[in-house]
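Okay, here's the structure, questions in a sec.
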Amino acid sequence: QSKTLTISWWGYNGEKMNANIITPFKKICGCEIVFETGNNADRLNKLKLRDGKGVDVIYLTDSFSQLGIEQGLFQEIDASKIPNLADIYELGKAPQGKYGPAYTIGRVGIVYDSAKVNPPITAWGDLWRDDLKSSVSLPGITTTAGPLVVLEAGKHGGADAYEDTDKAFSEIEALKPNVVKNYNTGSELVNLISTGEVRVALAQDFTLASMQAAVPTMTWAKLKDGDIATLNTVNIPKGSENVELAHQFINFILSKEVQQAEAEQGVDAPISTKVSLTPDQAKIWTYGADMVAGLTRIDYAKMNAAKADWIDRWNEVFGQ
Amino acid sequence: MKHFARWGLTMPATIAVVVLLIVPVAITIAATFAEPKGVFAPYVTFFSSGFRRAVLYRTLEIALITTAISLTVGFITAYVIAQMPGRAKSIMIVAAVFPLLTGVVVRSFAWLIILGKNGILNTMLISTGILSEPLSMLYTEGSVIVAMVYLFVPLMILTLVGVLEGIPRDLIDASASLGARPLMTFFQVILPLATPGLIVGAVLVFTGSFTSYATPQLLGGEKQMMMGTFLYQRAMVTFDWVGASTIAAIMVVLTLSVVLIMSRIARRLNPMAV
Amino acid sequence: MDRRVHPILAAFAACVFFFLLAPLVIIIGAAVSDTTYLTFPPQGLTLRWFVNIFEIEAFRTTAITSLQVAFLGTALSLLIGVPAAYAINRYRVELPRWLSTIFVLPILVPEIVFGFSLMKSVTIGLGLPIFISLLVGHALLILPYSVRVVGASLAAFDFSVEEAAISLGCPPLKTFLTVVLPNIRAGVIAAFILAFITSINDVSVSVFLTGPGISTLPIQILAHMEQFFDPTIASVSVLLMFVTVGVMAVVEATLGLTFLTK
Amino acid sequence: MTVSLTIDSISAHYGSTQVLKDLSISVMAGELVSLLGSSGCGKTTTLRLVAGFLQPSSGSIKLGERDLTGLPAHARDIGLVFQNYALFPHLSVQDNVAFGLRQRRVPQQERAKRTMAMLDRVGLSAFADRLPSALSGGQKQRVALARALVIEPPLLMFDEPLSNLDAKLRIDMRVEIRQLQRANGTTSLYVTHDQEEAFSISDRVAIMNAGRIMQLDAPEVLYRQPANAFVARFVGFENLIRMKVAERNGALVVAETTGGARLQLSQETFGPIKDDFVLACRADGLSVSRDGDGIAAVLGTRTYLGRAYQYKCMTSAGEITANGALSDPLETGASAVLTPVAEQCCILDPED
Amino acid sequence: MTVSLTIDSISAHYGSTQVLKDLSISVMAGELVSLLGSSGCGKTTTLRLVAGFLQPSSGSIKLGERDLTGLPAHARDIGLVFQNYALFPHLSVQDNVAFGLRQRRVPQQERAKRTMAMLDRVGLSAFADRLPSALSGGQKQRVALARALVIEPPLLMFDEPLSNLDAKLRIDMRVEIRQLQRANGTTSLYVTHDQEEAFSISDRVAIMNAGRIMQLDAPEVLYRQPANAFVARFVGFENLIRMKVAERNGALVVAETTGGARLQLSQETFGPIKDDFVLACRADGLSVSRDGDGIAAVLGTRTYLGRAYQYKCMTSAGEITANGALSDPLETGASAVLTPVAEQCCILDPED
């Protein structure tokens, strides 16, 4: 009886995942592969209800994988079983302690319609500009990028959002007139952009292509204070019954071959330093040592601790 | 034998609800009374927040308005459909079902196109000179209600057509022959006789709109936050199931009360209504 | 009740239908737009978003699961719900009033909490297989339609007709099937449609009841939308409408459309 | 406010089947006219047309000077007792009866008074708070009656309003209806299948057949001198005997049945007799005696009627039904002689 | 398969109101018994108990040797004609009638044959394919009748099955019912409010009042010798005159009303007469003459009955209803004398 590896992930782009990862990996491991699909929250909640059982590998964005770690749902990784770790950017190797590595990298920044926003946006603080009244969409506080707004608001007010939360939220209050509506999903953002409801958004880079398809003048702002890094991680839940296989799988997806294929086909930005892309292939990704070096890193442990309070305050600011 | 019929027929469904719903949900909600800070601590916390109370009132308000509008609009439409000859009637019923087949995301996109700043309605109003500036129709309580009514009117229609068809023609004739003008016949005969359907529709719409979260989030935004969204945040984002269960318990008590009040009103209109 | 309708009412109903159907034009337009995002009016015409549904394997498998769950779940809920609705109306005097109230609970408890509790107590607690708990969860979620919508039709049913059948030697179950059911057909069909659609659209409860290897179409659609913002979602809606029209055409050809009403 | 009702050559259809054909009836102000006719002949349909629930395909209906055609049902101010009662199931007996008064904005107090008074008349005061579903058939029917009577409209129509009542109650109700109708001068159209009821309650009776009026006359006239064989049969002339005059002897006429039996009839009692005629006799109109002049018969089954015995009699003119006295029962198989009794017989023209 | 029906002291309640009180009826095998009683007295309730739609609170019901109590309704094999018809709205006339045969798995061909034959009997062959909603009241009633008759069960129950039919059809149907019932030896319980119908169709008649049986006897017995005042009134003794014997003269008795009017009665025709008694007379039982021996009266309103005139008469013993001959009409206000006719009168014990 062959083993079955159960993978929990989002579930989009199944065809490419099959071709690039699943089929070749099955050949290597001689095992069956089964998926559990859904968004971060759904899958992590279910994993918690199952007390960390039922899944061998779980894909999450970094804020949720941090949550999983805090809930004690994952086991530590045996780095020795993942030789390909050596080839990935430093920030992805052990982003949340001894738990799972990142397998792709992205960034949060500002996009704007260069045809309508003048002068161009060049810093986080530009979001507060008077000429952007009723032009902006922020990510909802419950999304990956939402809490980053709080951090940037703190910075804009000259404070640390963790230390002086009041300051950060008074800055958000000040930002409110510029906000048309906050979005909760990528598709919602794209709709807001394509219908002209908003011209400026704080967004993750993977939405850029779609926004540009709708409004070709959408531009990724070159922020002098830098974009923020987001990582998607892979972890092994503590109840995994195929720990060996899980390590083997993680090692496989970090391999140059997989990373190269995924990047070329527009699935995920590479975290492997071995991948090389043409400028055209690279333009939609967070790619290259320079760009990676310029990214700000988030302490998700700290952020998750503050999040419940932030959500309440955020609700009160935007809900009145 | 008779007793078996009475209770036996309801038994499978009753057991299903008790075992699969009441007990599991009671267990979940029971956790809210086991907080270290005190038996009712989570509830005290909830109600001491002005913002939370505001969300609760808003939710109640939106659900009640949605129910009232859906009830009226759905009833009148169902009434007209019920008078149609058989074929036209069926086609209209099927047409009414279509809105239910659309996913929440595309549906909200459609309303974005209609109600948006650059939307069809604004464009029309401006080009006809009625407006000089686009109106902000989206992200208001109104847009949430419109979108929910859109979803619940078909449900009302579907529930009511059958009930209205079941009203014997003779009773309407009898009413007319006693001098009741159509409007009076409507209020004194058709309406009471339709209450079994109306109450079902009202309950479905009220509970549906009271617990909804995707539609208010997409068309109302955070300004129109409702209890469902609130609950969703607690449960799915912060993993605070106690907080979420507290909200759920409050919602259940409230909706149940409203449902019971509705049933009471229905029985006053028609003592035969269950 | 074939009668002339007051013109004001007719005009009102026409407006309601405009209100209900106009947004569909936008959705249909968006579904055939040759763009990678939703837009209206459509820019260019394409059917590739429809083709997409059939080409992506995850859509196919989850659609099958969704259809199975919706059909079986609706059948299950009618199977236990209709007898309850019948008893509540038939023995109106003898049965307590609260009995009908407990059958609204499944839609009254917020879905997430329902799904969460069900997963905790039933799927995990009782160790039910995923498909079974998904099915059971859906059947329960849509039970209110089976009980209450069918019940509304039964409220107008003249039970002396049932006694007539019984006095002619027809056993109770057969009486129900051959005499009661045909006369409450409109209610049962309405309940079926509402239940089926609720099941096939459900996300919140399914989120908890799906698991490794088993997912439903709405969840798969949301997954797709994590990464793609293209009109596939619109074409799924349109496809569902076409399927409905197709089903109606079959009903018309076999039973006649008037079958749907009284 | 006493007005006449004029139904002028109306036709009516359900879908494509014609139910009424050029039907005309006029009811004078304050008059009560009964419609009597076999099941399915169109009585209910006629009332529905007048009430406005159905539109005639041609013809007109007038109440006094007012043309009802085109007037909506609720504006016609016509009381109607429905054949199937059509009680409002959601309203108590009292509220059912008060319904029409409420529409007329009769003040609450007077409404309650009139409602209770009417319930009293129909013997249902004790049932005021019941729902119709908890009533017996006859009780329901009386509620339907009370509901129409209490509004005291200028035109009342009754569709077999007493069919589910026992004999005594039927007579009581009949008297109540007639009293109210007279007192208020209410023009009334009354459908019944009970001939005695029709004859005792009506000023005039219309005999209907297959959507047409066969005869519209005062009860006595109908009863004694039906205009045709249909009406004759309907009013109880069970035996229609085809005859030919064989001899004339001044006022006396000797006529022969097709079977050859001879009868002597006087034109003084029967009126003028043509050569070819039909002798119509009720069962009571042929006395059954052991011997004498008349049509020879052999007696068949005997039925006890309460006030008499009824015999099926085999004669040369076919089967004849005749009644014999209680005091002198005859046995099946016995021979007897049937002699016409003038008051219970009449002379008709033959129809072909 | 001819069986008897024994209803043994059953009581029945709707909620907390008692409707039947210790009611017993036994119907012999092949017998037809009618229930006659005022509106709301519990006739339909009795049938519903026998049919099994209602459970008695006490007492038992037996069909032959079989105890019906506890047997589910569908297994009782009893045909019932519902007072409100209860036709299947979704089935054609034909399918309504064939329904019971289908339950009995009668093969398609025979089913169609029997159904059409029965429709023929009730005169509805032409309506076989109609839905009930497109029928007149009387047509519906005949479908209900046909539906129960066609299954030829051992026990048939009829709840006012002919109430909506015209006189002629009513008699035709009555004859059909009786023929079928006799031919099949069907034990039958028949509810009607039409006394003539009850008397002519039944082997025995039960008079019911307020949930009790007042008398159960053959029609002739009931008609001539009612057991008590209630039954007397019910079977048409409209006048109950309280009397005391003043003189006895062998078989002859002179009795006096409370008002002092005197009458001579023979015990040979009236049977034994006690000192205190009630003279019960039908309207036909008091002959109205201009003069002679009897109770002096002043005539009130006159009603035409068809076969006679009916007078309300003012006498010293109260208001009395009496019939007078058509040949000699008397005017309102005239004085007259009322003389009892033995066959239409009877002697009752007084009740207090």
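For clarity, chains are labelled A, B, C, D and E in written order, and residue numbers in each chain start from 1.
Note that in this section a contact is a pair of C-beta atoms (placed from the backbone, for glycine too) under 8 Å apart; a residue touches a chain by one contact, two chains touch by 3 or more.
What you see is a predicted model, and the numbers here were worked out from it, not measured in a lab.
Student: Farthest chain from chain E, going by the mean of C-alpha atoms per chain?
Tutor: It is A.
Student: Can you identify which chains form the pair with the largest number of contacting C-beta pairs?
Tutor: Chains joined by the most C-beta contact pairs: B-C.
Student: Roughly how far is chain B from chain C, centre to centre by C-alpha average, rounded to an integer in Å?
Tutor: Measuring from centre to centre gives 16 Å for this pair.
Student: Averaging only over C-alpha atoms, locate the centres of chain A and chain B and give their separation in whole Å.
Tutor: Distance between chain centres, rounded to whole Å: 36 Å.
Student: Any idea how many Å lie between the Cα centroids of chain A and chain E?
Tutor: Roughly 90 Å separates the two chain centres.
Student: Among all residues of chain C, which ones touch two or more of the remaining chains?
Tutor: 38, 116, 120, 172, 225, 233
Student: What are the residue numbers in chain E that touch two or more other chains?
Tutor: Each of 72, 84 in chain E touches at least two other chains.
Student: Indicate the residues of chain B shared as contacts by at least two other chains.
Tutor: As it turns out, chain B has residues touching two or more other chains at 105, 109, 113, 182, 193, 235-236, 272.
Student: Name, in rising order, each residue of chain A that touches chain B in their complex.
Tutor: 41-42, 44-45, 48, 67, 71, 140, 142, 180-182, 184-185, 187-188, 191-192, 195-197, 307-308, 311-312, 314-316, 318-320
Student: Which bits of chain C are touching chain E when the two form their complex?
Tutor: Per the touch definition, chain C meets chain E at residues 93, 158, 160-161, 163-172, 174-175, 179, 182-183.
Student: Where on chain B does chain A make contact in their complex?
Tutor: 51, 54-55, 105, 108-109, 112-113, 116-119, 138-139, 217-218, 221-223, 225, 230, 233, 235-240
Student: Taking the complex as given, what residues does chain E use to touch chain C?
Tutor: These residues of chain E touch chain C: 15, 51-53, 72-80, 82, 84, 86-90, 99-100, 103-104, 147-148, 151.
Student: Which of the residues in chain D end up touching chain E in this complex?
Tutor: Going through chain D, the ones touching chain E are 14, 36-40, 43-45, 83-84, 134-139, 141-142, 159-160, 163-170, 193-196, 199-200, 219-220, 223, 233-234, 236, 284, 303-307, 326-327, 343-344.
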